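Below you will find the structure I want to go over with you.
The letters A, B, C and D name the chains in turn, as written, and every chain counts its residues from 1.
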Amino acid sequence: MEALLIAIKARILELAPEFLQFPLGHLLSITPVISVFAGIFALTTWIERKGLGRIQNRLGPNRVGPVGILQPVADGLKMIFKEDVVPRSADKIVHFLAPILLVIPTMLAFSVIPYGNRLVPIDLDAGILFFFAIGGSAELIVFMAGWSSRNKYAMLGAMRAIAQMISYEVPLILSSIVVIMMAGSLSLVDIVAVQTGGFWNWHVATPWGFVGFLLFLTAALAESNRSPFDIPEAESEIIAGHMTEYSGFKYALFFLAEYLGLFAMTGLAITLFLGGFHAPFPFLNWVPAPLWFFGKFAILVALFIWIRGTLPRLRMDQLMGLAWKFMIPMSLITFAAGATWHYAGKGLLAWILCTPMLLGSYVYLGTALTKGQKVSKRVYRFAD
Amino acid sequence: MLGTGIIKGMAQTAKNFVGSYSDPKYLTTVEYPEQRVPTKENNRNFPFLVFDGEEAMVGLRCVACQICEKECPPQCIYIEKDKNKKPDFVGKDQFQPAVFDIDISVCMSCQICVEVCPFDAIKMDTEFELSQTNRFDGLLINKHQLAKSNDYYRGIHPTEAAEIDAARAADVKKAAAKAAAKAKAEAEKKAKAAAEAAAKTEADAADTPES
Amino acid sequence: MATLSHYLLLSALLFSLGLTAVLIRRNAILVLVGIELMLNAANLNFIAFWRHSPNPGDLSGYMFVLFSIAVAAAEAAVGLALIIAVYRHFRTTDIQKISKLKG
Amino acid sequence: MTFSFAIIAFITLIGAVGALAFRQIVHSVLCLAITFTGVAMLYLQLGAQFLGFAQFLVYIGAVTILILFAVLLTKNTGPTISGQVYSASWVSGVGVGVSVFVCLAWAILRTPQLDRLAAEETNSTVKAIGLSLMSDYVIPLEVIALLLTAAMVGAIVIAMNETSTQTTMQGANHEKGLK
């Protein structure tokens, strides 16, 4: 399949004149990525609403089209044709620029993820650094959105979002640095190449990789402002955070950027820990590699929806406590475990050394984090 | 231990998700416009005006006393009294409201108007599908739209309506009895007066000299 | 192709803009912004010289900028902490009004 | 001068001029972010890929946000320059800036050796950078690590110092009593 796609691209490029080949080649790489992920975004909004409905004992959207499959189309039409309201005292230019700028980094983040053997839009030497550098600019843009709205809720939401993103960027980067250390490269293509040949070679199948994967997933959820870390846009407290003063298509852009950011993080998690586009068993190699990638992608997105349907929103102090008291020390210990794994020969001895190290620190940090908190069943005086 | 609660919660939601496909116990909602849950008898929404008999504008029980207008906390009722008395359902002359409007965008369904009405003329409806395309006119309901027959009231709140009917019937009976008694007394008085008059005439006649 | 002198001219312009910002703005935060501009201009010079040197395999200029970025981050953190401390004391960030050393 | 260089230089300078000239501090800082982006793009154009991304990560992701936090913490969101824009200090400042630029430009344009193109090959792969960081530059790296830690602790101490005496009056009184 990859060979077929590459052949098609080469064939089209052959037909084009010389001076068009460079832009056309990149266009042919960019267009599928953007269209595929925009399609997945539309589908995900529907699947998410259906899944959340089922989790909450209801049916979910089922009016537009068979089983509600056309719901994203209806939502999109509604968003586009809605009136675009800009507050009178808003900073017009910054207010206008923020949603547009926010989509750019999230789209750019997809350009370094390998989707198949030779299907990577750009193989950058410092690919993972590019990913995080681009992701880091989202904070500034969220600030722009919140500040320019001249709304207290928007400002509060933006400050919450920035505090949260900065805090969780640290464990996110630290947990992926372990992978970089073990693979010896910043290029995502090289990192995937290290994990060839069955799921026992994936990084998630090692003790440090498993812990790193969980840390990465948690931090990715927080980075993309998703439940249970959605306090920047907590509807019941501050309306919609930095998106409060946006309506119509601009709001849709924020929504799109949020989901695309989550997808990019998911793609990175697959690349770093789940063996990228590799099949779990060598005899399954005949299945095209992109299918494996998107299969893992679907599983992770389903997991995110499941988590969203289950966990309640954290409080601000709990959120910060989790990041600074638990996740950062834990990711530093993952470092040590990675180094131990490397020097203990990656065999049984390494397992024996690493597992108690990580388990022990998990138990210690977990109890330290929850110490002093009395968790008891809540008693309702009137509701029961 | 950190994390056990998360796993427990995830298991519960997974049970909900899978159960919603196999066990109807896990699906608590219905497909609203097609399927409906039967309404409870004590269900109440915006008020309406009760009339007796066939003609809505004739049989309105409301006598435009304006107590409900004064009592309404959000002041959503507007009443204008008719200048002239009109015969009502039983043919008795009564005041009637010339205008009786309720703004249901303001009404909060508190039922105070029903509590204070001395004539059982205003009652709570169960109708809830009142959405309109116009924010102002469509939600201001006038007396023609508000008037609903007593049979309708019996249909939506049978127990309550039966009580009210019994009370009203008792009232009517009492009033009839009173009226009958009064009529009887009147008749007796009349008869007496007539008798007296007759006696008087007789006496007069007797008094009158023959010549 | 852009030659070395193009990069140097751009960097000189950036540097003088930063210097002007430091000299004419009265807000302490904007003075810091000017300093950041000047630092960036210097870093750009380093990289331009490294790239146009006869031996780009020698990474001295590159490393210098790498460390300079780290130092700039530290400088910004400490500088802004100082500005916040000064603001708490004087209730202003106008450097014209912050003239007393011991308040 | 290539087209791409001209565009990037234009973006960088626009940002710098904006940072210099805007009345609203937040606008100035946003323009500064544009300049940082432009400089990062120049690094990329010069073949310093790792450095360009590092510049973007550190300056856009950290320094700009830090400055914005400082702006908000010092209630500086309103316009700052009031009334006399063309004061004496303004004129002298612009004068100094212009003269510095003229001097530097004169020096650059007078030096013919600078008018040369870059070498074709560079050795700035991440691997080479990492190896030289861990071999030749390992002591500077350690010193930087120490510096960053010290700066972090110092920043926290400086920013916390006065709050402890101001907000908790009891503590201040207690200290006075001790003296």
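Basically, a contact is a pair of C-beta atoms (placed from the backbone, for glycine too) under 8 Å apart; a residue touches a chain by one contact, two chains touch by 3 or more.
Not measured: the values here are computed from a predicted model.
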{"item": "Chain whose Cα centroid lies at the greatest distance from that of chain D", "value": "B"}
{"item": "Distance between the centres, which are taken as Cα means, of chain C and chain B, whole angstrom", "value": "80"}
{"item": "Length of the line joining the C-alpha centres of chain A and chain D, rounded to whole Å", "value": "29"}
{"item": "Chain A and chain C: spacing of chain centres that average the CA atoms, whole Å", "value": "34"}
{"item": "Centroid distance [mean C-alpha coordinates] between chain D and chain B, Å", "value": "76"}
{"item": "Residues of chain A engaged with two or more neighbouring chains", "value": "none"}
{"item": "Chain contact topology (line, ring, star, complete or other)", "value": "line"}
{"item": "All touching chain pairs, where touch follows the definition stated at the start", "value": "A-B, A-D, C-D"}
{"item": "Chain D residues touching chain C - in the complex, by the definition given at the top", "value": "1-2, 5, 9, 12-13, 16-17, 19-20, 25, 28-29, 32, 35-36, 39, 42-43, 45-48, 51, 54-55, 58-59, 62-63, 66-67, 69-71, 73-74, 76, 80-81, 89-90, 92-94, 96-98, 100-101, 104-105, 108-109, 111, 114-119, 121-124, 128-129, 132-133, 136-137, 140, 144, 147-148, 150-152, 154-156, 158-159, 161-163, 166"}
{"item": "Residues of chain D touching chain A in the complex", "value": "26-27, 30, 33, 49-50, 53-54, 56-57, 60-62, 64-65, 68-69, 72, 77, 125-127"}
{"item": "Sites on chain A touched by chain B in the complex", "value": "51, 54-59, 62, 306-307, 309-311, 326, 362-363, 365-367, 369-370, 375"}
{"item": "Chain B residues touching chain A - in the complex, by the definition given at the top", "value": "1-3, 5-6, 9-10, 12-14, 16-17, 20-21, 26-29, 31"}
{"item": "Residues on chain C engaged by chain D in the complex (per definition of touch)", "value": "1-10, 12-21, 23-27, 29-30, 32-34, 36-37, 40, 43-44, 47-48, 50-54, 56-57, 59, 62-63, 65-67, 69-78, 80-85, 87-89, 93"}
